[in-house]
Amino acid sequence: MRRSFFSVLVAGLAALASPVRAADAPPVKIGAVLSLTGGAATLGDPALKTLQLYVDKLNGQGGLLGRKLELVAYDDGTEPAKANGFAKRLIDDDKVDVFIGGSTTGSTMAMWPAAEKADMPFISLGGGLVIVDPVKKGLFKVSHNDRMIAEKALMDMQKRGIKAIGLISETSGYGQSGRKETLALAPKYGVEVVVDETYASKDTDVTAQLTKVKANPKAEAIFVFGFGQGAMIVTKNIAQIGLKLPHYEATGSASEDYIKLTGAASEGVRLPSPAMLVATQLPDADPQKKVSVEYTTDFAERYKSDASTFGAYARDAFFLWVDAVKRAGSFDKEKVRDALEHTKGLVGTCGVINMSPQDHLGLDISAFKMVEVKNGAWTLSQ
Amino acid sequence: MLLQFVFSGCTLGAAYILAALGFSMIYNASGVINLAQGEFIMIGGMSAAALSALGIALPMAIVAGVVIAALIGAAVERLAIAPTRKADTTSIIIITISVSMVLRGLTEIILGKENHSLPPFSGDQPIDFQGASILPQSLWVFALSAIIVVALAFFFGKTRFGKSMLATSHNRLAAQLVGVDVRKVMMSSFALSAAIGAVGGVALAPITTVAYDTGVMLGLKGFVAATLGGLGSGLGAVFGGLFLGLCEAFTAGYISSSYKDAVPFVLVFLVLTLRPQGIFGVKSADRV
Amino acid sequence: MSQLVSSTDIREWSGAPRMKGLTALGAVILLLPLVLPNAFYYDVVIRIAVNAIIAIGLNLLIGYTGQISLGHAGFLGIGAYGSAILTSRYGISSLPALCVTAAAVALLAWIVARPILRLKGHSLAMATLGLGIIVSIVLTNEAQLTGGPDGLSVDGFAIGRVAISGEKNWYWIFSAVLFLSVVLAQNLIDSPAGRAIQALHGSEIAASVVGVDVKSYKTSIFVLSAVFTSIVGSLYGHYSGFINPGVANFATSVELVTIVVVGGMASIWGSVIGAVLLGVLPQLLAGHEGWDTVIFGLVLGLSIIFMPRGIVPTLQGWFRERAR
């Protein structure tokens, strides 16, 4: 009797101790609200593909903590009001365990009230400083924010002895917050903004605004803060009117498409970029090299096209979460949130991430690389 | 500086002229305001770019792009406009908006979200003149608009088919009674308008690149330009487009670049309240 | 216009079914919480209510007086931002802020109505479209005041000392406003003013010949629909906690007109049904990447082609046919 009881006990304990087979436990859901259509479609589309890529990959390797992952993604059409609605759907209806997304700052901030109420760990892909400043308990971000973009560019300008610039910013959230940061930081680097113009992302011609820069004798360089198609048109117009000043762009133009569609006009353009764009040129000792090269290879293998920085942010967000889950040993929202906050030394394509309760970005500006278009290709610049 | 603003305004205006011509064309033939006109422009550019990327020679790709747009225009008329002929203005506007959504959505699915470009017709070395520069492609767009305006004037004024188109728009029943095939007329008007738009799209692509959503703003501003100049008037479309482009450029240059997008709508508000038929339009009288 | 909506239809729609319709609406409002599983569903219903209220007001304009407006989202934006800025920045409490904003919108609408309502057809469409876009541009550019393109956080709402928060509580607020709007609109249609308005719709010239003050009725309806929109916009801002200039853009205006047209012009219940349809459809389509725009456009286009008078009037027509 005792023996059989004992053996039952042992069998029971053994059963408890063995990991739950993936087929038995329900999948862990990752909720993603991305801009797959609308003005920010170039941000959301690679992000979705990247998330799908790595969810599938991890599932193929047996899942996370023995459970399969499932990606639930919605398109907010670059409309924060829709993002707000989908946030609630993800929380209440789909019952996800984490939010990755908000391709834009607007969408992120629209989703935040609902996420906050639900104590949902939320890793944003948006670029605005406001996402992490002031720090919000469950909200984290992975990409360098607009202040850092401005700072990196201004540092480079200072290094090259540039004292006055013309600033052309896009009327989108990205452009306007970038403009605000640039205007605030410029004096610190001894730079004066002598021309301050804007353009809309769908403009077909911005030579009127650029002419003002050209006509201003004090301007020694031009800084364009925008992304995608709009920035490409600005670049082409700069070449068209023969504006031969040093030309800086924002990280929004850090893509292969930018060079492809602007052609010779982009030669010599400098911008701050995540290392991913020049992954193969990094010295082997640079920790970002391995993950960046891996990412571009993985992406190209599955999607047969170039990876973009926006997809890279999604990759970093995904692995940030995976790392936190592993350290927390569970998917519990509170534990994962705490683990996220204590991320240390995690290497992402954007840099080495070291979070803290006061810093929910965890990147410093050194991870940002200054790159230049040389002979029609992105090259690492010192 | 002033001259560059003028050139900038001309480049912007050239795009608007082409969009406005398409609006005027369809309005002339059927009284319909086609808010999907922008999508025809986009389809022309996107098809040509896609075919060219597949390796087809550029001239062929352009012709094919225009033909595709024309076919789509005819299909739109048959499927969406003809069945709702009797509906009122509001409903027809909504229908054309729904058509634009379908066209935009399908283009996005089939051709993707990225921007595409076409090589310029005669190189992209800007032409410098007195310190200001303009792209040769912009001049091409103007040249094309001019050709189209002249051709349309000839078409509506001198050819039998063109005259039957005008007749249909003025009084459909009467036109039918004298033997005009109104169905063919309606279909052709849309096809023609789509073709005009597509030509514009192909000419603009080298300057602005095209993507699935290029048509939205362009269509809207084309509508504004056409209204400014007087709907139904080819000359009005040219004037409206150019005027709009110049006002935008001057606002950006002299007042505020952030508010330049408000200019078209402020202008149209003023024109509509002061001279509702547009600058070149004809005052219409309602029969009681 | 006159071929689309016959005066017989209008008379019948605003007559006997009134009490039945209201009772049904009341019953639905009271019973819905029993079937809604979680806060997300409440959110969808609230958005539907918001759209329905605006559509009812807009329908008075488009369906009854025959004036199209492609810029009503502008009033929505002013309502939302006005109330948000007054409460967050100037510390005014929410209910007075809402009223002040609504009054400002009424004034703006009145000023704008005079020149605009002389226009007809596509000119009116263009003028209203322009206004909406101008509002949207101002909201985007005046970042100091409005938070710019990235939007603005909005404080909570309170009636006196009672703070309203949570989807379930807001559900009651919006349902009440919806119910009141329907009652108000129906009373308006049945009143002498309402009959004057319907006469307008048939033929403005004929109406003015028999002594209807066409201009002042058109203006009043325009202002009324603007105020409906503003009030709801203010409430919605407080409810969602966050607004951005997109709330005033052209796409939103199109959505509102779509609800009116698809639901049924000159049909109050049509606006409600239209709002339900256009609120539920995107949720059903979500996740079908890329196809949602196409399907939405198809649904929209097909319903106008096959039911040009709108869903509710067409159905009412069928039932009447059957009754004969």
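Letters A, B and C mark the chains as written, and numbering starts fresh at 1 in each.
Just so it is clear, a residue touches a chain if its C-beta (ideal position, glycine included) is under 8 Å from a C-beta of that chain, and two chains touch if they have at least 3 such contacts.
This structure is a prediction, so every number in the text was calculated from the model and none was measured.
Seen from the Cα centre of chain C, the chain whose own Cα centre is farthest off is A.
Annotation: B-C is the more contact-rich of the chain pairs B-C and A-B, by number of C-beta pairs in contact. Annotation: 38 Å between the Cα-based centres of chain A and chain B. Chain B and chain C have centres, each the mean of its CA atoms, that are 31 Å apart. Among the residues of chain C, those in touch with two or more other chains are 141, 290, 292-293.
The multi-chain contact residues of chain B, meaning those touching 2 or more other chains, are 108, 258, 261. Contact of a single residue of chain A with at least two other chains is seen at positions 37, 171.
Chain B contributes residues 1, 4-5, 7-9, 11-12, 15, 108, 113-115, 117, 124, 126, 128, 132-133, 135, 204, 207-209, 211, 213-214, 216-218, 248-250, 252-253, 257-258, 260-261 to its touches with chain A in the complex. Chain contact summary for the complex, chain C toward chain A: residues 37-41, 43-44, 47, 140-141, 143, 148-151, 153, 167, 240-244, 246-247, 251, 282-283, 286-287, 289-290, 292-293. Residues of chain B touching chain C in their complex: 33, 80, 83-84, 86-91, 93-95, 97-102, 104-106, 108-109, 220, 223-224, 227, 231, 258-259, 261-262, 264-266, 268-269, 272-273, 276, 286, 288. Per the touch definition, chain A reaches chain B in the complex via residues 37-38, 41-42, 45, 171, 197-200, 202, 204-209, 211-212, 215, 228-229, 232-233, 236, 239-242, 257, 261, 263.
Interface residues of chain A facing chain C in the complex, by the touch rule stated above, are 36-37, 48, 72-75, 79-82, 84-86, 88-89, 91-93, 104-106, 109-110, 112-113, 128, 130, 171-173, 176-177, 180.
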